[in-house]
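Chain IDs A, B, C, D and E follow the sequence of writing; residue 1 opens each chain.
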Amino acid sequence: MQADLGFWVLQGLNALQLSMLLFLLSVGLTVIFGLMHFVNLAHGSLYALGAYAAATAGAAIGFWGGLLVAPFAVAALGVVLYLVFIRRMRRAGPMAQVLVTFGLIFVMLDLTRIVWGAQALSAPVPALLDGRLTILGVEYPAYRLFVIALGLAIWGVLALVLGRTQIGAMIRAGVDNDSMAACMGIDVEKMFFLVFCVGCALAGLAGAVAAPLLSVTPDMGLQILIPTLIVIVIGGLGSLKGAIAGSLIYGVVQTFGAVLFPQFASILIYGLLAAVLILRPAGLFPAKG
Amino acid sequence: QAEDIKVGLLLPFSGVYAALGEEIETGFRLGLDTFGEGSGASFEIVREDSEASPPVGLAKTRKLVMQDKVDVMAGVVSSGVLGAIRDVVDGAKVPLIVANAGNDEATGEACSPWITRMSFSNQQVNRPMGKYLVDQGITKVFTIGADYAAGQQMIGAFAEAFKAAGGEIVGQEFTPFQKTQDFGPFLAKAKSSGAQAVYAFYAGGEAISFVKQYDSFGMKDALPLYGAGFLTSQLYVDAQGRAAEGVVTALHYVPTIDNEANRQFVEAFKVKAGHLPSEYAVHGYDAARALVEAVKSGATDRETLGAALQKTSFDGPRGATAIDPATNNIVQPIYVYQIVAGEGGAQTQKVLSQLPAEADPVNGCEMALIN
Amino acid sequence: MFRHTSLRFWALGLIAAAAVLRALTAEYFGVEMVAEIAILAILVIALDMVAGFGGMVSLCHGALMGAGAYAYAMLTVKVGLAPSAAFAGAIAITGAASWLIGAVCGRSHGIYFIMATLAFGQMGYSLVFEQPVFGGDDGVSGVPRIDLSLIGLDLNDPRTFAFACLFVLGLVYWFATHVLQAGLGRTLTGIMHNEQRMRALGVNVWRIKADMFGLSGMIAAAAGALAAQHVMFVSPGLLNWTVSGEALVVVILGGLGTIIGPVIGAIAFVMLKHEVSAHTDYWHLVVGLILIAVVMSRANGIFGWLEQRLSRARPSSARDVIAHQVRKDLAAQGALEDA
Amino acid sequence: MLELNAVDSGYGETQVLHGMTVTAQAGRVLAILGRNGAGKSTTLKTVMGLLPAKAGQITFEGRAIGSGRPYDIARMGLGYVPETRDIFRSLTVRENLELAAKRFPAPPGGWTMARVLELFPRLGERMANGGMQLSGGEQQMLAIARALLMNPRLLILDEPTEGLAPIIVKLIHDRLMDLKRTGLSMILVEQNFGFATSLADDVVIVSKGQVVWTGTPDEIRADAEAQHRWLGV
Amino acid sequence: MLETRNLSKSFGAIHVTRNVSLKLERGERRVILGPNGAGKTTLFNQLVGEITPDEGQVFLAGEDVTALSVQARARRGLSRSYQKNTLFDGLTVEENLGLAASVTHGHWHNIRYDSLTRRDVQDTVREVAEQVRLMPYLHARVSDVSYGVRRQLEVGVALATRPLVLLMDEPTSGVGPEMAKGFHDLLNDLPRDLTLLIIEHDMDLAFAVADSITVLNYGEVVFDGSPEEARGSSLLKDIYLGAWEDA
C-alpha cells in the first residue's frame, strides 16, 4: 500500500493543505507575536470567531461573502480588544500577556456559546469548489487545493510587504524601541494598531477557510491553539520564513506521522519541538535581532 | 401527603460536552413535566456542572450525596466521570440513573445495583451492525474511530460481531481523540485498503468533520460509510448537510421512529427546545420517566428508589425499553437508519430496519438486588 | 529576594487560623474545599518558587502535578506499593523528570521558556492519554489514601484528610521559603535579575535553574499525589495545559514572588469559582473577566496590592523584574525604560 | 526658536525639573552644561514629548508643543540624538539610516546618505551589520547620522561625545562646526567642557532641574568660580 | 598572570581581533586604548569566555583556560566589569555585593542556610564597599542610586569575587569629571597585587593609573609600551588622540 505513488501524492497534498491552514493562522499570530512582541493566546479564539462569522454570513450571502466578511468582523473585534486590553498590555511582559489572553480565551469561548449555542454549525463548500480535481493521477478535493493556493498567495503578499517596503522596516524599528521610533516621526501607536488588526483579520480568514473543512464548534479555537504555537516556536518568532517553515514541518510530521507511526504521532511533534528548542532556543528562523 | 424528591442532576454545562448536557437537561425536565403530574410527588432538582471532568464530577457528586443529601442522582455524560463516581454512589447507596455514559464496564464488571442505565452501552449499539453488514453482502471492512475508551469499545464490539458473522477487518485506525481535525491522511489509507466499506465511530465536532471530509474526498460512492449512529446523530446532521446523505448507521433512537410515544415526545420537545430531539434528549426524558415510575410505585427514599429503578420497564419513544435485572443496563431495540434528503432539502433519518432488543452479556457483573 | 516581612507573618497566621477553623466547623463540602484549596496552594507555591524567584514562567506545572498524581496512582494501584512508599516514589520520579525539563529549558528565556515548558507538558499529557498502561481517557480509579491508622488517623474521613493536606501545605511553605532564603534561592534570584552577570561571577546557571526546577517539581508532585488521594482517581485531564495556565493565573491573582500571595490566590480562586459556578453555567466568562482585571491592574495581585497599601518599603516585585528583563531583551535600553 | 517657560517634569512621582526656563535661539548653538543628574537629559526628553510637562509651556517657533506626542514633535523639525543612542537593533545600519533618509527627503544642500557616510566613513564599512553589533562609538556615529538625515531645523544632541575616542570627538566637533556655519540651530548637552564651549554661542548651566547660570562661552571660560561651583571642574 | 596568544576573532568578513598577544604580570596595571570599534570590548569578551575566539589561547595563571566556560574562568579568579552597567537592578547594593561574595565563598548552591548572612560574605561585602566607597549606599536599591554610584558598584561587584585579574571596561564612561577623579583614587587604593586590565577613553586617568599601555586598532595591537612612550607616540596621536588634545 505504501509503495503506491498515488498514496504518497495524496498524503503529500494532505500535508500541504494542513500546512497552509496552519500557516494562515500562525502568520497572523507571528505578525502580532513577533513584531509587537505580544503574546496573544486568544488568537485561536479569533480563528473560531472567524469561522462562526463565515458560517453565519455564509448562510445569508453565500460562501464568498462569508469569506470576505469574516476577516473584517474579526478585525473589528481586534479593534475592540486592542483598545481595551492590548494597548495597555504591550509593555507588560509575556507573562501578563499570556494570562490576560488566557483569560480572554475563556471569555470568548463562553461568549460564542452564548451567541451561537453549544452545538456545532457548518459552512458549506461553495459550488465552484465542490468537486474534485485530478493532479498527478490523484483525485483531490478542489476546496483543499484552494486552501493551498490561498496560503501561498498570502505568503507572497506578506513577504513583499514586510521585506521589501519601508513599512516593514518601520514596524521593526517600532518593535525595537518605540520611543525612539516616535522621535523619528513614526506614529508607532497607529502602526501597531494596524498590525494587530491585520493579524486579527488573518486569523478570521483562517477561520473562514477552515469552516467548510471542519466543524464549527466553540472550542475549535482552543484545539488549534497548541499546533499554532508549536508552528511558531519551531519556526522562530516574528519571521515569515519561520511561519512557513514551521507550518510545513508540522504538516508533514503530523500527516505522515499519523499514517506511518500512529502510536507515536502526537508525541512525535512535541519531541520535535523540544529538540528544536534545545538545539536552537530561538527557533529555526528567528527574526533578525 | 405529597412526597418531595430531591434529584441531583450531574451534567456538563460547560466545556466540550455542554451541548449534550443542555440536551439531556431539557429532555429530563420535559420528562418530569410530562409524567410527574399524577405521581403525587414534587421533584426538586439540584443541578451541578461536571465540566465533563472526572475530578470535578467526583467532587460534585460528593457534594450532592453528602451535603445536599439528594434522594437520587441522574445524568453523567462522559464515561470518565461515571468511572470516577462509581465507587462513591455505590458506597453511599444513592441510586444513579445514567443518562448517557455508555462504557461497557459500568454495567459489566463494575456494575452496581445502585446504578441503572437508561441510555445505551457502547457494545449494544454496535454489535448488531456486524451481522447486518454481512447480511448486506459486505465482508471486508475498514474501521476507524476516535482513540479513547468509548471508541475502542464501539469499534471493538462491531469488529467482534462482524468477524463472528464471517466478515474480515482489512484495516483499523484509531485517531487521536479530540485532536484530529484533518482526517485526510486516514481516509487516503482507507481508500487504498481494499475494503468494501468503512465503519466509523465519531461524535461531536469530530463526527461533523469526518463525514464532511469523507464526502469531499468522494469516497461515499466507492466505499459506503457505515457506523455507530452517533456519527450522523440528529445533533450533527444539520451541520453535515448533504455530505451525510447515504450514510447508514445504527442507533437506539432517531426522531423519525414511528410510534405514538415518539410522536408525542418529538412534538413536546420541539415546542420546548425549538429543534428535533436527539438521542441525548431521549436519555434525559426516559431517565425522568423511570424516576417518576419508581415514585409512582411507592418509592420515597434512596433505598426504595434504587430498588424500584431496577424494575423499570415501559414503552417509550424508543419502543419497548426495560432494565435488565442481570446488569441494570437498558434493553432496547436498535434502529438501522440512513440519512436521506427530506422535504425542503433538510436531511432526515430513514429507518431501514429495526433490530430486536438484545440484552448485553453479563460480563462479570454480579448484580445484587436491593431488598 | 524572599523576605519574611511582618505583613507576611500576619497573613500566614491569619490564613492558618482560618483554615483550621473552617476545616473544624464546615459542612462536608466546605471541608472538601479546604483540601482542594490546600492542594492547589501547594502547586502554586511550587510554581511561584521558579516563576517568581527565577523568572522561569512555567506552563507545565499542571503536567508535573499530573505526573505526581499518576505516579502515585500507578505505584499503588498497578504496582501495589504501599501508599506511603508510593508517595515518596511519586515525588522522586517527578522531581527527576522536572530536573531534566529545567536543565533542558533553562537555556530559553521569556516566551520561549513558556513555550518549551508547554511542549514538555503536552508531551506528558499525550503520553498518559495514549499509552494504554495509563488507562487512557478513563484514567485510573481506586487510588487509596495513605494509611495512618498507626497514629490513630483515618484519612478516609474528609476532615482528617483536609487536615493532612493543610499539614503538608505548611511543610511545603516552610520548605519553599527556607530554600528561597538559602544560597540556592538567592542565587536563583540573582539569575532572574541578571543572568549574564551571574555567569560572569562564576555561577553555573543551568545547574541552579535545573535544581530549583527539580525541587519545584517535587513539590508539584506532592500536590499531585495528594490530589490523587483526594479524588481517589486520576485522569489525563490533570495534565492538560489549561491546568498549568490556571495555576499561573492563581499565582498572579495572589501575587507573584511572595509565596504567601499565591496561597491567598488559591483561596480566592477556588471560592470564586464555586461561588460563580453556583450562579451561572458561564462561570468561565466571569472568572476570566476578573482574572483579566487583576492582571491588568498595576498591582502585583491581591497580596502585592496589600503590601503596597500597608508597607512603605516595597520589595521589588518579581513581576516588574520579569517584565523589565524582557523589555531589556527587546529594546537597546534607553527611552523605553523611562516610560 | 525653542522656548521652555517654567517647565516642571520628572519620572512618575519624582520631579526632576523645577521651573526650567531656557531659550534656544534660531541659528545659534545652545550648550546646556551641568553635573550628572542635574536634569539635562530630562529637559531634552521633555522637549521631545517623551516625558510629559507637568507645568509650564514649551513652544517651538511660536507653536506650543507642551503635551505633544514625540512623533508630532519630530515632524515639526526636531532631530534628537539621545544619550543612550537607541539604535534599532534588529535593523541593519543601512536600514537605520534609510528609516530617516527615505522618509525625510533632503532639501537642496541637505543631508543625504552620501554626505553622512562621508562624515562617518566607519559607518560605510558597517552598512550590512545589525544595529546591535556596533561598538559604542559606532552607535554614537549612527545616532548622529540618523538624526542628520531627518534634516531637522533644530538638532538636539545629548552628550554626543560620550565614549568616543578623541579623534572621533575632534571629527564630530569639526562637522558640528560646519553645521553651525550653515545656520542650523542646535542644542548640545555635554560633559566635555572644552567641546561644548568651543561650539556654543550661548551657555546655560543646570543644577537640580533649574537654570543657575546663563552667559556666553567666553564668560564661562573666564568664570572659574562658576565652573567650580556648578560643574566641579 | 593573564596571557593571550594569537587571539583572533571575526564576525563574518570583519576581523574584530587579529593575532592579539598580550602578557600581564602579576600586579601589573595595563590600560587598553583604541578608537571606537577597535575590538576592545570584544577582546574582553574573549578573555572571560563570553565569546569563543576563532583561534588562539587564553592563559590564566599559567593554565590554558580557552576551553573553559565563563563561570569556570570566573571561579579561577578572572573577573570583569561591563561598559554598560550589568547589575541586579531590583536588589540593594548590599545584596548585589553579597551575591558576588557568596559565589566566591562557595555558598551559592546550598539549600541549608542563607548565604548573604554568612560571616565571610558579610566581611567581604563590607571590605569591598569600603574599597569602592559604597558604604553610605549599602541599603539603597540599585534602581534608586545615581549613575555614578552604579558605576562604582559595577566595579564593586567584580571586585567582590576576590579576583586575581580584574578587567574593567570603561569604568568612568558617562560619569562627570568630579567622579572620574574619584575613580582615580579608587583605582589607586586597590591592592597592589591585583592585576588590572582597563579599557579607558579618559586620557588623564589612563596615564595616571597605567604601568603599561596597549593600543588596539582594527583588532590589532599597534602599540605596546610604557605611558611615557605612549605620550610621545605619533602613531597614537594619529589613530586615537587626533589633534584634539589641545582644545
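Convention: contacts are C-beta pairs under 8 Å (C-beta built on N, C-alpha and C of every residue); 3 or more make two chains touch, one makes a residue touch a chain.
All figures in this text were calculated on a predicted structure; none of them were measured in a lab.
Colleague: What are the two chains with the top count of C-beta contact pairs?
Modeller: A-C
Colleague: Going by C-alpha centroids, which chain is farthest from chain A? Tell me that one.
Modeller: Most distant chain from chain A: E.
Colleague: Select the chain at the greatest separation from chain C, using centres from the mean of Cα atoms.
Modeller: D
Colleague: Let me have the rounded angstrom distance from the C-alpha centre of chain A over to the C-alpha centre of chain E, please.
Modeller: Computed value for the inter-centroid distance: 48 Å.
Colleague: Let me have the rounded angstrom distance from the C-alpha centre of chain C over to the C-alpha centre of chain E, please.
Modeller: 41
Colleague: Per the centroid of Cα atoms for each chain, what is the distance between chain B and chain E, given in Å?
Modeller: 75
Colleague: Roughly how many whole angstrom separate the Cα centroids of chain A and chain B?
Modeller: Centre separation, chain A to chain B: 36 Å.
Colleague: Considering chain C alone, which of its residues make contact with at least two other chains?
Modeller: In chain C, 126, 130, 282, 284, 324, 331-335, 338-339 touch at least two other chains.
Colleague: When you check chain A against every other chain, which residues touch at least two of them?
Modeller: 110, 113, 175-177, 179-180, 183, 266
Colleague: What are the residue numbers in chain E that touch two or more other chains?
Modeller: If we look for residues of chain E contacting two or more partner chains, we find none.
Colleague: Considering the complex alone, what residue numbers of chain D touch chain A?
Modeller: 48-50, 69-71, 73-75, 80, 82, 86, 88-91, 95-96, 98-100, 102-104, 130-132, 146, 150
Colleague: Spell out the residues on chain C that touch chain A in their complex, using ranges where they run on.
Modeller: Per the touch definition, chain C meets chain A at residues 51, 57, 59, 104-105, 107-112, 114-116, 118-120, 122-123, 126-127, 130, 241, 245, 248-249, 252, 256, 282, 284-285, 287-289, 291-292, 295-296, 319, 322-327, 330-332, 334-336, 338-339.
Colleague: Per the contact definition, I'd like the list of chain A residues that touch chain D in the complex.
Modeller: Residues of chain A touching chain D: 166, 169-170, 172-173, 175-177, 179-188, 287-289.
Colleague: So in the complex, which bits of chain C are touching chain E?
Modeller: Per the stated touch rule, the residues are 1, 178-179, 181-187, 189-190, 193-194, 196-205, 207-208, 211, 215, 316, 320-321, 324, 333.
Colleague: Once bound in the complex, which stretches of chain E touch chain C?
Modeller: Counting only chain E, the residues touching chain C are 48, 50, 69-72, 74-75, 79-80, 82, 84, 86-91, 95, 98-100, 102-104, 107-116, 141, 143, 157-158, 161.
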